[in-house]
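Just below sit the structures, each encoded as structure tokens.
You will see two complexes here that share chain A, one where it goes with chain B and one where it goes with chain C.
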Partner chain A sequence: MDSIYKALVDIVGSDYVSNRTEELFTYSKDLGTSEPRWPDYVAAPKTAEEVSRIVKLANEQNVAVVPLGGGLSLAGLALPLKGGIELDLKRMDQILELNQKARYVLVEAGASHGKLTAHLHKNAPHLMHSEPGAPPAATIGGNIAIHGQGDLGHPYGFNSDMINGMEVVLPTGEICRFGSCALGNDWYTLHPLPDVSLFMGWSGSTGIITKVSLRLFPCKKIQEQDIFVVDDGDLIPDILYELTHIGMAEDLVVVSQEIPPPFNRLHYVLINIAGDCRDEMEFKRQLMFDGKLSKFIQDGTAGIGAGGMDVERPVVSKTSDWRKGGGFEYVGAIVPVTAYPECYRHGVAVSARHGIPYTTLGRVLGTGHSMMFSWTFAFNRADADSVRHSREALHETDEVVLKLGGTLWKPAVFGQKLLMDRMDPNTLQVMKKVKTMLDPNGIMNPGNWEVA
Partner chain B sequence: MALTQYKYMDVIHRCFRCGYCKFPQDWEDVDNCPAYARHRLESYSNGGRLWLIRAWITGEIEWSPHLADIVYSCVACKNCEEKCPLSFAGDIVNMVTAARNEMVEQGLVPPPVKKFLENVQLHGNPYGMAAKKRSEWMGELSLEPYNKQEFLYFVGSEGAYDTRAQLAARALAGLLQKAGTSFGVLGNAETDDGNEVELLGEDGLTEILAEKNITRFNELGVKKIITLSPHAYNAFKTVYPRFGGNYEIYHYTRILQDLLQAGKLQASQMENARITYHDPCFLGRWNNEYTAPRKVLQAIGGSRFIEMPRSRKSALCCGGGAGNYFTDLLGGSEDSPARIRARQARETGADILAVACPNCLSMLEDAVKVEGLENELLVKDIAELMNGS
Partner chain C sequence: MSKLAFDENKCLACERHDCLSRCQYLDLDAAAAKTEMEKIIAGEDSFVLHDCRTCYACEEYCPMGNHPFYLIVSRQEELNIPPLPEPIIKQGVQMGIPFRGDPEIAEVNGPVLNMGVFSPLTRLAQGKLFEGLTPISTDSRKMHHFFCQLMYLHFARTSVINERLPGVIDTIAAYKPTEVVHFHDECYGTYTSYAPAFGIDVPFKSIHLFEHLYKRLLELKDQIRPLNYKLAYQRPCSSRLSPDAHPYVDKIFDLIGVEHVKREYVDENALCCGSTILSQRQQGSRRFSLELQKKNIADMKQAGAALCIFNCPACMQTIGKQVAENGIMPIWMSDLCRMAIGEKPA
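The block that comes next holds the complex of A and B.
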């Protein structure tokens, strides 16, 4: 028997290891436009200790290890570009501690966002975490590894800004903790050395996140979504500036899309607000619509599209079915809020060139400090030409982002190279030193963030 | 496989593999797909399975015994169809069954599936027991052969041959007698209903079974049928009309509910019993019957009914659907769905796990034993609870 396979069986048990075609095929595929990349083995560990043993085995055998969460990055970030062991972390799914007074929850990294939401709803309905705009099967650890952002992005920033501590299996197999937990204390802060950016955003190329302490935030009793509609995208930065000044919203997202027709060429500012009583809600509405947004309404340049709607979990998977094709991928960028109009215009143009109905979305991060802007390209998985068009549109958009002065969020390998081509050489050298120091044998998700 | 053969070629690529299909209604966890809960590898998730089927159809991968195991590990519980947000959700199980049709056509099914189908073909039941022993389930009961009574009581293969399910079959017959219900049975003339045969992809045999049963029912003048099994209930209600068989079909829990309401049946007394209930997939998700079993259980005197958090549309399947109570492709692990379900039942504090399906009865009773819970949790069919057995 293959010695690596046998060793993996010894570590996680035969039920959770495979080197058979069916599993290798399944894990060779990403949901986006990436070409398949086949692993040599698939393993699903249950504990950090098992992860550690697998990583040590990979070093001994000089094979790659690629951690996988929900597999929903769409950008091929967990594809085994150089083969090796695909590590499905979703069996590490326990919610370990809910500390309501300190407002944090400690979870294993493979726990899904859906599971955490349900857990909080049941056990602490007055608390919430920031859910990414991804299907509920997205994992907490995976979202951190790609520097995710979610529906509390306006008040609190990126999801990866909401971390109190982490446990990570280093590329050499040591299990390390960062934050107050490293002192043997509770998992309530990232201090004394809060800069654990060695792992966040690196897509698992510097280590495997196995536990996360997430900050929780007040979950108000009443939540609603209001929609402000604008036909001139140039006004969006001003509108967002006004809204972020008063800070009444929990989430500020601007959507424009070609389908369905009522959305075409219009910009829908989705404003989520929450309150513990009707007076609080009314106060917030008045500040927004009677105060800050009234001039746009009076000018006749914008209007209230809808008010008091239920806040529902976005069903992003439906995007994959717009062309009855089963697929979509998007470029996510971090840009200044002022870049919204240009981002939108380029999105429309790129989509038109490739015959894809345009879909753009911008989410405010922090108090208007930046915006995550995404350009989505749906495709038909059964039509190679359609997939090619989407892939080309994605690459063109990556280039557009950099021309506009933006930076790419969770870029695919193509985008990573564009970024590194433009990056300050000293910064690149730091990246290389970090990678070499942590991962001397280059086994961790190789092909991602590789400095030449 | 040739592309043109597969019925859902224009749909199957539309699965995005987003994973909604793994969750119960309240998103509690990703373990409400029985096959995925058992194996926890993406290949066994419904999305993974559909992508593999498509890869086989398009020639991207070859058939293998392991591929067949994955395709047959789906128990057709329809949890995926409840959760999938896309417009083709209602065809997910059909897409899997269509792939099984192709495997049957090509003789490429897993050995236990082959055995199941052979047994039904040869003996009229999946266990390979003699057809002439089918009526032995009645034991000492004196039951009339069907002869124009109001109802035909269709026991089904599980009730007729599985020793545990036989107890439930007898309990129900006793209750119907006690209530003065006009009914008869087919005895050795009964044969398999074909529900599982269809889900295992054997269309030809399904047709033979349906036509055989329909011919018999029509010859005898059957108008109304009571089924012990939700699987037979589903077959008669949704499959047989395709072959011209149209009858009034009742799952027995609905009959018991009516008999209680009419005062023809007295509810049993079970002082201090704490009862929880497991929704069978073919009664619940397949046929939207959630009320009758609960009404009957709630009528039991002195008992307390406790709902499991995963109930109704969120109920975790026992893992016995689509023939898996025989083929056992999800067994052998503490993560086998029946064992997970037994633990979920025990966590409610209940001391009785009530079921309304002979498959669930045997699956869950076995699981309770393996979990070492037999002194804490009794698995009982609703008919048994009602007649105090």
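The block that comes next holds the complex of A and C.
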């Protein structure tokens, strides 16, 4: 028997390791345009200790380890680009502690957002966390590893800004804790200890996040969505400036897409509002619509498209229905809010060039401090030419993001290289030092963020 | 080309000008109403064109059988006085564009039930009351081919209606229906009021849903169990185009043993659900819409209604939740009728 396979069986048990083709096949693909990349083994550990033993084994055998959450990144970030051990973390899905008064929850990193949402609905309905615009199977650890954002992005920023502490298995196998938990205390804060948060945004190439303390926020009894419709995209930064000044929304997202027709060449500002009573809701609406936004309504340049709708999370995966064949991938970028008009225009133009119905989305992060902007390209999985067009559109968009002064978010390898080519050499040098120090044998998710 | 058959002489000869003097949202006496209507007829600007809430009611109030509402919205378009912000108009106009292929049409040669642009509500049309009717427009991907377009009256876009309506009529006619029962008031109003007013030929016979329900209930009379509810009815704007069908509301209520509560905002005095008003350009429209809704629901409550009956999906979506939050159960007319014959609501 293969010695690595046998060692993995010893660590996680024979039910949770495989080198069989039919199972490796499942892990060889993600949902985007990336070519399949096959792992040699798949292992599903249950504890941080098992993760640690696997990482130590990988160092001994000099094989790659690629951590996998929900597998929803689309950009090939969890594909085994250099083979090795695919580490499926979904068995590490326990919700370990819910501290309602301190408003945090401690979870294993493989817990899904859907599971946590259900847990909170049942056990603490007055609390919520920031859920990303991904399907509910997206894991909490995976989302943080890519600096994800969610539906509390406007008041609180990135999801990775909403953590109180982490447990990480380093590439050399040590299990480390960061934040107040490192002192043996509760998991209530990441600050004020010296900052050694070297794991977020690295897509698992500097360590494997195994536990996360997530901040929770008040979940109001009434949650509704109003829609403000705008024709001229150039007005969007001004409208968002007004809305973020008021600060009454829980989420501010701007959507424009060719399909279905009512969205075509229009900008839908989706405004999530929450309140514990109707008076609170109305107070917030008065400040927004009767105050700051009324000038746009009266001059006829924008209008209330709908009010009091059920909150519907913008889920880009719906784009997969725009074309036959069910494929889609998107470029995400963090841009200044003022870049919205240019980002939108690029989306329309590049999509038209490649014969793809355009789909763009911007989500405000913080008090208008930045915006996550995404360009989604649908394709037919069964049509190589269609896949090629989407891939080219993705690459063109990566380059445009940088020209517009944006920063690529969870970039694929192509985008990572673009970023590193433009990065300040000293910054790149620090990244290289971090990577080399933490992962001396280069076993962690190799192919991604290859600075060293 | 479609042209509104508006008889100016009838209007100029009118002494009452109920169209504007009875308007619930404008304050005009008969003399002022006459003056403003004369301006509108002459194609001149009038404050009415700016302040109109597009509630359709003047179409019903007109004692001369003329078409004041169609004239007002036509003039709004001609004089570029849109009641709504342009992006809302663009959004609405684009909403009616079919984008998921053509419907598959098979000749029925019998009565059909036209769901119009409300295919997702086809579930409501079940049970004995709908036996013998072949539903059309049941596929939500294709429903825009059946969209009567009349909503664009709120948008002051009769040009859009006139451009698209003949194609919609052709689609329905292709089923070779012997008669068409329209699920929504708006469709019925389109084919029995708007189309004739604009000289658009409709080659099929239209039946209002309430007339159909009433007649079926009569046929099933021995199965009716009086429901004994006290209820209010939210009359939709498009019902103003078919006042001939409105009496069926009380006929149905009498037949199934429910009490239509006496309240202020009923029949010709009914209040708009506020859906369109919410988005209008006039300053304070959102608050005005909310006040209207509050007034309407308070009136239902004060009259002792336990249920509020809806037939218009837009009304249901706009105030259904508020109605429920005020302790009054919102329910579809079709469901109410089905309950009366012992069926469960959809």
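In the analysis below, the second predicted complex is superposed on the first by the 442 of 452 C-alpha atoms of A that agree within 3 Å, B and C clash if a C-alpha of one lies under 4 Å from a C-alpha of the other, contacts with A are read in each partner's own complex, and residues count from 1 in each chain.
Keep in mind that, in the parts below, a residue touches a chain if its C-beta (ideal position, glycine included) is under 8 Å from a C-beta of that chain, and two chains touch if they have at least 3 such contacts.
Here the structure is a predicted model, which means the values were calculated and not measured.
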Touching partner for A:Lys324 - first (chain B), second (chain C), both, neither: first
Touching partner for A:Gln298 - first (chain B), second (chain C), both, neither: second
Which of chain B and chain C A:Glu23 touches, first, second, both or neither: first
Partner chain(s) touched by A:Asp276 [first = chain B, second = chain C, both, neither]: neither
A:Pro262 touches, of chain B and chain C: first, second, both or neither? second
Partner chain in contact with A:Arg285 - chain B first, chain C second, else both or neither: second
Chain B versus chain C as contact partner of A:Glu174, first or second or both or neither: neither
Which of chain B and chain C A:Val229 touches, first, second, both or neither: second
Residues of chain A touched, compared between chain B and chain C (which is higher): B
Common ground on chain A, meaning residues reached by chain C in one complex and by chain B in the other: none
Residue ranges of chain B in contact with chain A within the complex: 13-20, 22-23, 26-30, 39-43, 48, 51-52, 55, 60-62, 64, 66-67, 70, 85-87, 333
Chain C residues touching chain A - in the complex, by the definition given at the top: 82, 84-88, 90-92, 94-95, 97, 99, 278-279, 281-287, 290, 321, 325
For the chain A and chain C complex, residues of the former touching the latter: 229-231, 259-266, 278, 282, 285-286, 289-290, 294, 296-298, 300-305, 307-308
Complex interface listing, chain A residues touching chain B: 15-16, 18, 20-23, 25-27, 29, 31, 42, 44, 70-72, 88, 90-91, 93, 112, 114-115, 117-119, 121-122, 135-137, 315-318, 320-321, 324-327, 380-382
